[in-house]
Amino acid sequence: MSASLSTAPRAAPAMRPWKRIAAYGQEFILLGAILALCIVVGIVNPRFLGANNLTNIFAGNAYIAVAAIGMSLVIISGHIDVAVGSLIGVLATVSGLLAVNGYPIWLAWLAPIVIGVIVNAGVGSLVAYLRIPSIVVTLGMLSILKGGLISITSGAWITNLPENYLIAQFRLFGIPSPVWFMVILTALVALWMRYSAFGRTIYAIGGNVEAARVAGIRVERSTVLVFAIHGAFAGIAAVLFATQLQVIQSTVPPNLELTVITASVVGGVSILGGTGTVIGSTLAAILFAAIASSLIFLNVSAYWLRSVQGLLILITVLADMARRRRLR
Amino acid sequence: MQPILALDGVSKSFAGVHALKNVSFDVRPGEVHALMGENGAGKSTLIKVMAGVHAPDSGEIHVNGDTVRFTSPREARAAGIATVYQELLLFPELSVAENIFLGHAPRTTMNALDWTKMRNEARRLLDDLDSHDLDVDARVGSLSVANRQRVEIAKALSQDARVLIMDEPTAALADADARRLMDVVRRLRDRGVAIVYVSHRMPEIFALATRVTVLRDGSYVGTSDIGDITEADLVSMMVGRPVDQLYPKANVDIGAPVIELRNVGFRDEVEDISFTIRAGEIVGIAGLIGSGRTELALTIFGITPATSGEILLDGKPIAITSPKQARDLGIAYVPEDRGLQGLIKSQTIRENLSLPLLDRISTATIVNRAKESALARELIKRFGVRARGPEQRVKQLSGGNQQKVVLAKWVATEPRVLIMDEPTRGIDVGAKAEIHALMSRLAAQGLAILMISSELPEVLGMSDRVLVMNNGRIVAEFDRAHATPDSVGTAMMKSETLAEVA
Amino acid sequence: MMLKKSIALALGLGLGVSMCSGVAFAATWTGGDDLPTNPLACDGTAAPAVAKPYDGGEPTNAPDRKGKPIKVVDVPKLIGIGYFNATSKGIADAAKELGNVEAKTDGPTQANIDQQISFIDNYITSGVDGILFAANDPVAIAPVLKKALAAGINVVGYDANSEPNARQWFVNQAEFNGIGKALVDNMAKEIGEDGSFAIVTSTFTTPNQARWISEMAAYQEKCHPKMKWLETVEAQEDNVLSFNQATTLINKHGADLKGIFGMTSVATPASAEAVTQAGQCGKVAVIGLATPNAMKPYVEKDCVKSVVLWNPVDLGYAAMQVLRATADGDLKAGATSVKAGKLGELQVINGSEILLGAPYTFTKENIKDFDF
Amino acid sequence: MTANFRSLLRHETILAVLLVLVLGALATQSDRFFTTANLLNQGRLMAEVGLVALVMTFVIVTGGIDLSVGSILGLTAILLGVFWQNLGMPLPVAMVLAIIAGGIGGLVNGLIITRFKVPPLIATLATLALYRGLAEGISQARSVRGYPEWFYVLGQGDVWGVPTQLWILGALVIVAGVILGLTTFGRATYATGANETGARFSGIGVDRAKLLIYTASGLVAGLAGVIFVSRVSTTRSDMGTGLELDVITAVVLGGTSIFGGRGTIIGTVLGLILMQALKNGLALSGVKGDGTIVVIGLVLILAIVASNIFSRDGEG
């Protein structure tokens, strides 16, 4: 061993602080945007900051945040899923049907997760082993799930749900369970993405597939697994979605996939794969909910609501691009 | 000493084409065994067989005398064989430490990744490689090629590699970085690591290797102790015939000035550049990577248009704001990164050749296919591209032939000024000589040529004048007679700042 | 850099302008349409019936279908929602009862005008004898319906009308002003003459809802002038969105909000749920159009006192009966009433419309008796 | 023709064979399928999707995507009505201006993508919401109806027995086919999609090409919007919702690689016809709408699987 032949080790130059912030910048931007929004709207109408309204902002869209967690994993691994909305619709229906037809409640909660895993493992296999671009597979799945759901249920509403099935209406310490789900799952996945080998594998695959393969990562298997995990989150989201009200619509929520993808992407997950965190996507989902709510509080005509939302998405994305450029 | 890794009569074919025919090769602890051959000779396949990427069709692999069969890169790595690939298989979005430990990171008792340990270990490995200046938290995407290389080597070492395979590790490095790398290789060798070293650079082979093995057309040609062989022997073993003069610089009458730069700058990347190139003149630019050489070329070619100064063509000031405009003015650029910048690899030779010429072979914007094919065939012939025909896809060609396609497509635009950035990087000896000959011929036809190269012998051998760049500026100028390795090298290294963005 | 700044500026300006214009508009707008309204008298005396000549269309060279088996397709606005499931059931019931009709329901999965047109177009080609429809847009659907008439197909609408001359008859579940009156009167009864209320609707482009809202506004102005109209929010045909919008309304207006109108069978139960989950049962009234099954839990818990709706099963049933009568030649231009199976005689109004009856109000007492 | 002439031809062959099989099968299921009237009518119904799909082929060949086309269609439809009725412009002027407005929408997409380097998927996801929102805000949910009779020729009329919009579609198919297949611009498009940096370094005006393509995408979406208004005689702000999925499905079914660099107009046209034939033929054979969606989803996946398997050895 002839270590340190030359100069004594110098301390590595510390990362400049603003660069560190820039590296996690999207989360900060989103957090700032949420706070700024709350302050501005709170001044205009203090009721916006009322406990009920804040709870609603967090709880009402928690299922989007949960679905966006899985979506973020998929996008970080370099893929995309445009069928997630249809999948959630199907899984919510399955869950509701089990609940009203006398099956045990735990089965009604668990089945959507299991089925989500199975369906998306299939999607992942097509993507990984047959090398079909994920957008193509999921575009096909979108049609299949949507059409299939209506063929089978003909869109009949599911009513008479048992009281103890409605998990999204449970509260713990006064906080609705969807908020707990959102916060705990986000935290767990964030930690898992950072501290588990598989979490890092997802970044590796999205960053450079060839390098991942040579590094001994089983890319195909990992891809299937990422889709399967995404299916599990879609299942959880579906249960939250299904149990929020006492009626299940058993159709596909319109444009849900776009909302989920937008949350991931605005949350800082690069559509090119390899970067992003689930904290960002959850913050983005909260931001959207806050925007939707604040527009009502600000008396913005509902006619203009969607333009304002579109503009805000655009501004967030442009801010993100500017930040990334600075990082370079 | 017993070889740690030995291949015995290994053959491998792809879709019926033999890539390796009955090749035997071995490497012992504490030696550097150089593997040489022209592109397409089977070096890459051999490396991949050793690394477990390809399973051989026949023949045996022995590790420490035991017969093994690798079914995946993972197994080869478990056997202590690590590979540093030419294309640097790293994850640009992840940190240095993480890249080093991906797939075998230290764990805490909870089986979670131990980031503290990972960073400390990475620090230790990099310090071992004398890379104290490399931040373990830096994003790999923000590092220079040389530093990425160090990360790759650290990654190989992190797994206690007993055999380290290095595929053209210096191909993308400037001289100083290459020297630094060679020090690392020596140090590893002294530690008892067995090193398989692939390179086209003769001086390196003679400086480092203990033994050398030559492949040609997938077959084993021979192995020799480095002391028993000369450069000329090696070249003829590789090519199968003696090669002509190495730097065929013709004496050309230097004509009128073609392009002149006056205080040209781009932001703070290149500053205050002034020089003139005349017809028939080859001007070489030497400098380290990051010295602003390529940035200068990009500015002249309009990729990053000049932010100050002026450029004159035939004495008239011109404004270049896009590559398209540069091309139309008669400036051609054979770029540094052949695969990314020079070619559309998934397209055919014909399509690549015609891409900068589309306007000339089309009537009312409709491309004339007959003209295009004729042009492609003519260029393939004129530049000696070895290909099945114009409809072959570029990605199926060897590096040298790809480079000829790049050169051909630009020469076909009939430029006045030809900028060549690393024109022979990663090209085997035979093709290199052909490219140099072409360059000479073009100069003789009256082109003004600006050549950028990391290989000092090439710069010195081909240039009429040598400009040395450092830190974005031209710091020295030598005419052919005064440009020696010493003088140019000293100018390059002067006030060397390791301007690594960490 | 300049460009970047200017674009950022433009975006900012655009945002500001749209926000401001939004605020400006907020005062004047209700979510209704701009067609003339015709509010009923406050005390419920029926408006004098205006005799109007038949203004529907006629199929060209329709074969004699009297008593013969016919194939009928029902193309609702969209499939997969409770309301049109119920109408579809009514159609199937009537077809079964009649015995000589083969009926099926098919349609787009979203309330999409072009998809609905394509569906009808395909069924014209496939050669059906009769088409039942609920139009997503009265004008957009007209050309394809006229094409059906030209192909000799009997065309009858229900729920949402088309231009009159593009179909033969339209089965009107309840007149717009009748709905408007029923909803507003019920609300006034619950929250008092000076209460304030808000509306959750599907989209502003849905013609029926926009019409109802206009009629409600006109009627409220005329008969309950002290009630305060807070605002109208859009919630698509989406359960969870409706719930979120209703909850936001409750949070925004706090104690000022006394009542919520749900304008669709999706919005009403979701609004009731929002009130329930906010613990505002009894403080915020929910009145709206909805199907009884979805409303039972809230009505039974006294959170919702009254739900206004016609029976959509009856609506589908009547539409099928009318189509059969038309095909048989029993219902001709100028008729004043038509026999509709178990529903008995239905009146012809407005020239070519058949009135199902007055809207029905479900309450705790009677809601158990319905299952749709 | 393109670099991957052979493998492309292969996909198109598979597609053509599939199309013939489907047409044959559908014809045996319903004798009303293979009639001139039905086929022409189907042409009318697919014109809007077809027009947008032509330029979408260019967009996807450059490696991009445009999700905002459905919203642009809705926006131009609304603008047509507003220009004509509220601003009192002559209808032809309003038509031209509405189409130009569509082009501006596309241009904005292009600017966001080329100047700010925002990935096209994200940029057009944002403008998808923005343009739809503008349509809603401008229209205030009011429909504009009652256009003069001559206007309906565009969407409901015939010229020499063939639906008017089918002529327009046919003409644009030829124009798009020639541009993509034969011209220097087509080459630039392929080169950009296969390797953008390489194309730029070869003197191709990559940004200019992209700007033009996204602008054209907006223009044809605008044209489709005007035709659509003429076909359904009214404007609504929700027009064209979900159009992008149909368009992308047709283009991808036609063999255009979602990663860029590959694809032909012929393929897109085949994909389009296959999709429309399935929709129509299955309906005529008694399959309901929801079943048809399932079949289209399956066909999309299977067609790409098949062509991947057949062309795998063709990849170098």
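Of note:
Chains: A, B, C and D, in written order; residue numbering restarts at 1 for each.
By our rule, a residue touches a chain if its C-beta (ideal position, glycine included) is under 8 Å from a C-beta of that chain, and two chains touch if they have at least 3 such contacts.
Note that the structure is a prediction, hence the values are computed from the model and not measured.
In terms of C-beta pairs in contact, A-C outnumbers the other of C-D and A-C. When you average the Cα atoms of each chain and compare centres, the chain farthest from subunit C turns out to be B. Taking each chain's centre as the mean of its C-alpha atoms, subunit C lies 33 Å from subunit D.
Taking each chain's centre as the average of its CA atoms, subunit B and subunit C sit 71 Å apart.
Centroids built from CA atoms put subunit C at 35 Å from subunit A.
Centroids of subunit A and subunit D (each the mean of its C-alpha atoms) stand 30 Å apart. Within subunit C, residues 4, 7, 18, 21-22, 25, 29, 31, 79, 109-110, 204 each touch two or more of the remaining chains.
Residue positions 146-147, 149-150, 301, 303-305, 307-308, 311, 314, 318, 322 of subunit A each touch two or more of the other chains. In subunit D, the positions touching at least two other chains are 116, 136-137, 139-141, 288-290, 293.
Touching pairs of chains, sorted by label, consist of A-B, A-C, A-D, B-D, C-D. Partner subunit B is touched in their complex by these residues of subunit D: 2-5, 178, 182-188, 190-191, 194-195, 197-205, 261, 313, 316. Residues of subunit C that touch subunit D in their complex: 3-4, 7, 18, 21-22, 25, 29, 31, 33-34, 79, 104, 106-110, 112-115, 117-119, 121-123, 125-127, 137, 139-143, 203-205, 210. Contact residues of subunit A toward subunit D in the complex are 80, 126, 130-133, 135-137, 139-144, 146-151, 258, 261-262, 265, 271-272, 301, 303-311, 313-314, 317-318, 321-322, 325. Those residues of subunit D that touch subunit C in the shared complex are 30, 32, 35, 37-38, 41, 45, 48, 111, 115-116, 136-137, 139-143, 145, 152, 156, 228, 231-234, 236-242, 279-280, 283-284, 286, 288-290, 293. In the complex of the two chains, the subunit A residues touching subunit B come out as 1-7, 9-10, 12-13, 15, 23, 191, 194-197, 200-201, 203-204, 206-208, 210-217, 270, 274-275, 328.
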